[in-house]
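The structures considered in this document are given below.
The same chain A turns up in both complexes below, where it pairs with chain B and then with chain C.
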Partner chain A sequence: MADDKDVLRDVWFGRIPTCFTLYQDEITEREAEPFYLLLPRVSYLTLVTDKVKKHFLKVMKAEDVEEMWFDFEGTPLKWHYPIGLLFDLHASNTALPWSITVHFKNFPERDLLHCPSNSVIEAHFMSSIKEADALKHKSQVINDMQKKDHKQLWMGLQNDKFDQFWAMNRKLMEYPTEEGGFRYIPFRIYLTMSDRPFIQKLFRPISSDGYTHTLGDLLKEVYPMAISSDDESKRYQVVIHGIEPLLETPLQWLSEHLSHPDNFLHISVIPAPSD
Partner chain B sequence: MSSCFLDEETFCQCCQLLLQHSHSLCDGWSWEQVKGSEGYLRKTALGTGRTRCILDQQGNSSDQHQERTFSLSFHNDEDDEDDGAVCCIQEESSSSSVVQYEYHILYSCSYQTPVLYFRASTLEGRSLCLEEVWDSVHPNYRQRLQHRPWDTITQQEHPLLGQSFFVLHPCRTEEFMMPVLKAALEEHRQVNYIVTWLSVVGPVVGLDVPLSYCTQVPEPPHTPSSSPQPPSSSPQPPSSSPQPPSSSPQPPSSSPQPPSSSPQPPSSSPQPPSSSPQPPALGTKPG
Partner chain C sequence: MAERRVECSWKRHVGEQLKQRDRVQRQAFEEIIHQYNRLLEKSDLQAVLSERYQSDKYDFQNRHDGSPGADSSRSDNLQQEMAQMRIRHQEELTELHKKRGELAQSVIELNHQIQQKDKEIQHNEAKMQEYQRQIAELEGECRELRGQLQDLEQANQTLKDEYDALQITFGALEEKLRRTTDDNQELVSRWMAEKSQEANKLNAENEKDCKRRQAKLQKELADAAKEPLPLDPDDDIEVLAEDSGKGTREASPNRPLSRTPSKRISGQPPQSGLLDSISNIFGRRPGNSYGTSPENTETTSGVCADVRVPSTALHVKI
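Our next item is the complex of A and B:
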């Protein structure tokens, strides 16, 4: 029987084979070949695509190059969402490799955040971790950590160092035994067919009478449309890290094992494929 | 750290009271709601800001935004007399111009505080970049932003609209709200959380709050179940603040809690006569 710790490794080392193609209207000196890369599910686009940029810059003039950004089938990809989330949300049921279009012009100002350097990614990542700890521990654990501990979390992610990251992150996954779990679960539910980008609310993993809340309980409370009744065919898939966890899974367990490195459970609700 | 948190219901009530006063002043606040989700306050205003413009060879300027692949760095106001800005390739200057601002006040359930989102654009419709927003902060507030990272402005995704906005980071709101709320409680003064909070953070990003807000806008009707208290973190009678729907009124608080540092008079909080807003005892003439 697999150890729970193996789940942590499987989540960390998840990869998505991706093909990057230059947008056809970009100005090039000669034809640009597509570039293939395995993307880490738990990282961020702008953190892992230096090679992509270098590859395309070889065929472009400096004056034709502005901030790089990506789209999938016309939808600009938000670099501040984890890569795995972007894939699950937009490309789950399409053929691999994931085909992403690369742009160097006409940055969509309204839709995308700028990412001029890695320190912006780090700030965003740490901000998510802090928000998650505000929910889990009223910020007590993160505030008790030193600056170098925070740095270790970031460096672990940036350099793909599982052990370095989890040496610190395990502290963020602890809770007083008598509580039975975190204060509130850090989660976001992403919807493809909605005006709002995600749903985020306060939700406890354990009720005061000791009842353990499940993924199904969360959805019933926060997004009941995700769960079809027994007699109708399944309309939606609820996906975390590319899999559909059983709705009976305890939410506390999911938070400890299937969170992203930013300590949030990023949950995609997508239309079920009709076949 | 206990009386400075705001639950969502109190947030909405404070906003509605602010809105009533806003309507009497015709100063532009409205309540918006994305279908099926939480609401927020919104206002647009024209203000001044410092924007970049490119100087061409003849020294004529045009409003253009040169996309940068350099890292942004914050620089002092003294630099803007120079023609060469810190991180641009072409010759540029920064000048004062009219800027269209859009402000949103949302509720953060993670931090249990309000959060100020805003965006800015030139009259031609070009969005200001983070650098320009930094430059537009009044010199009086700039030191505060430089030296206190918790006041910092960053670009974030608007949680209800999904678009790019600038945000004043909310994680240390309680540090400035707590003394104010504590003093108001001790002196039996009315305090509308949103008005007080906005009068601190708003001016930093060009949003003025006329004085009449502080004298004319009451706090929401004050019953023990709606007073701004953190949901269930400090020992409270079970019937206190409204709880998020799926949780029980009081989890067993058996883990050690940080000592409550501000006084919590359980039942002696001021009780205004039901439903009529009244000016606070120390109020001045409406103005």
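Our next item is the complex of A and C:
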């Protein structure tokens, strides 16, 4: 359906306006101007911030530069989360553009993973895809693909090539017609106020008696607090790719169309704005 | 119908929400950020250029410091120099543009080469996999053959052992046979010896017996011969004539009975009667003999029969 293809394109080409400001305590030779960038929602911070690094290195001495890292309002940003997820989770209801602070020293070892090169990002990305396919197809589809197909998925993401990526990714979105959907839906629910990083459980898109599960069913099963009852005001927003899908949206359709390139549905549950 | 409307509603909702999001987050900022980055580039370039201009300007100023001249001429010179510098920088700029084009070209070529190399690598990897598969197959075959070889060697060894065992058994049995044959031969020869001994003994005994009988007979004959016999010459001739005429036909019992009591005792030539009795003892038929006595018929039954010398003398046939 034309609608579905539009949805896929809109998800892929989503952007977040970001303002990168150098941390004030960093040592500079002269004043560093902020750097503005439209970050792709579906990519990863360390993959798309080469220009940021180049911009700020112009005003710094080489010996003062270690691994670059980012924070938002004091929270170090995990580069291995997709950018769109980081924004929805931390800065959904703040003013645009998204203000990120750039650091070159005092890497927070306990909060962030190191990212020495792009191959680390590739390894992380591919491992997420394989985990998702293990849930969807018992890894049959991903294992049937050749190495060059895997490479094509990564290159498509790295070079922002929608057609190249989806030429391969559509195979991972197929399912046997008699099943009606994937075996289990690969999803992760992120909460702002929680000690654990995310909720991930086994959940079938179609029940044993053929009933299609919705986003609401998933939340009721896995995190019922997200759904407020009718009488009380909405406490939480359930955000995927910066939008709030209706709770009756089928989970299978969401997994096929609103997953990130790593084939996971990253769902943020954030407090509703109290204005 | 209701289902499709419902389906449309949430799908439409998602589509609309995405468009809304893009309007707010992307489109509102896209142009501004783009222009900002262009300005940033320009200002960076200007900063670099002005630095260079400054340094060049100072160079020129230092070189021309010593020359006298009016301010205006100095400023004219300055302007000239600055124009020259600008020209030079323009040339550099065009040079750099050209270089950038060339580099872009080489990037394309290198990409193309990389693609080709990737293809080659894939091809080689495929070949390698094929070789590895063959190697695995051959290794499998090799293992199988080695296994078969081992089995055959074991079987061979087993056969050899059995053969050795059989060989030993055979030797033992041969030995046993030889010994048994020897024993058998020894036993047979002993038995034969004993039997021949027995036979010899019997023969010897028989001979002894015969000799005894013979001796006894001889003795009796000798004894009988020694007996004086009264002889009557008339009787003698009579007897002899009758004998020659009808001797063979007539039954012997009648004749002897008629004659013997009187004549026989009177005396016959002892030798003739003895000869007859002797020959009768030793197997002559009653038909052949003349004047046989009843004792004679009895005595022809066997060699070992009881031998009796007749009590009376008998007719003797010549």
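The definition used in the following text is that the second predicted complex is superposed on the first by the 273 of 275 C-alpha atoms of A that agree within 3 Å, B and C clash if a C-alpha of one lies under 4 Å from a C-alpha of the other, contacts with A are read in each partner's own complex, and residues count from 1 in each chain.
Heads up, the rule we're going with is that a residue touches a chain if its C-beta (ideal position, glycine included) is under 8 Å from a C-beta of that chain, and two chains touch if they have at least 3 such contacts.
Small disclaimer: the values here were computed from a predicted structure and weren't measured.
Colleague: After the alignment on chain A, I want to confirm one thing: do chain B and chain C clash, or do they fit together?
Modeller: fit
Colleague: Would you check which partner chain A:E244 touches, where first means chain B only, second means chain C only, and both and neither mean what they say?
Modeller: second
Colleague: When the two structures are overlaid on chain A, which partner does A:L265 contact: first (chain B), second (chain C), both, or neither?
Modeller: neither
Colleague: Applying the touch criterion given at the start, work out whether A:L37 contacts chain B, chain C, both or neither, answering first, second, both or neither.
Modeller: second
Colleague: Chain A residues in contact: does chain B have more, or chain C?
Modeller: B
Colleague: Looking at A:K148 after the superposition, I want to know if it touches chain B, chain C, both of them or none. Which is it: first, second, both, neither?
Modeller: second
Colleague: Contacts for A:D10 in the overlay, against chain B (first) and chain C (second): which applies, first, second, both or neither?
Modeller: It touches chain C, and chain B stays clear.
Colleague: Check whether A:V52 is in contact with chain B, with chain C, with both or with neither, and answer first, second, both or neither.
Modeller: Neither chain B nor chain C is touched by A:V52.
Colleague: Tell me which partner A:I189 touches in the superposition: chain B (first), chain C (second), both or neither.
Modeller: neither
Colleague: By how many Å are the closest C-alpha atoms of chain B and chain C apart after the superposition?
Modeller: 16
Colleague: Touching chain B in one complex and chain C in the other: list those residues of chain A.
Modeller: None.
Colleague: Which stretch or stretches of chain A touch chain B in the complex?
Modeller: 65-67, 78, 80, 107, 109-114, 116-117, 119-120, 123-124, 127, 130-131, 134-135, 138-140, 176, 178-179, 186, 194-204, 206-209, 213, 217, 221
Colleague: Quick one: in the complex, what on chain A touches chain C?
Modeller: Interface residues on chain A, with respect to chain C: 3, 6-7, 10-11, 13-17, 33, 35-38, 55, 58, 96-97, 148, 241-246, 248-250, 253, 257-258.
Colleague: Across the complex, what residues on chain C touch chain A?
Modeller: Contact set of chain C toward chain A: 6, 9-15, 17-22, 24-26, 28-30, 32-33, 36-37, 40, 44, 118, 122.
Colleague: Would you tell me which residues of chain B are touching chain A in their complex?
Modeller: Per the stated touch rule, the residues are 34-37, 67-72, 109-111, 127, 129-130, 154-157, 159-164, 169, 171, 231, 233, 244-252, 254-255, 258.
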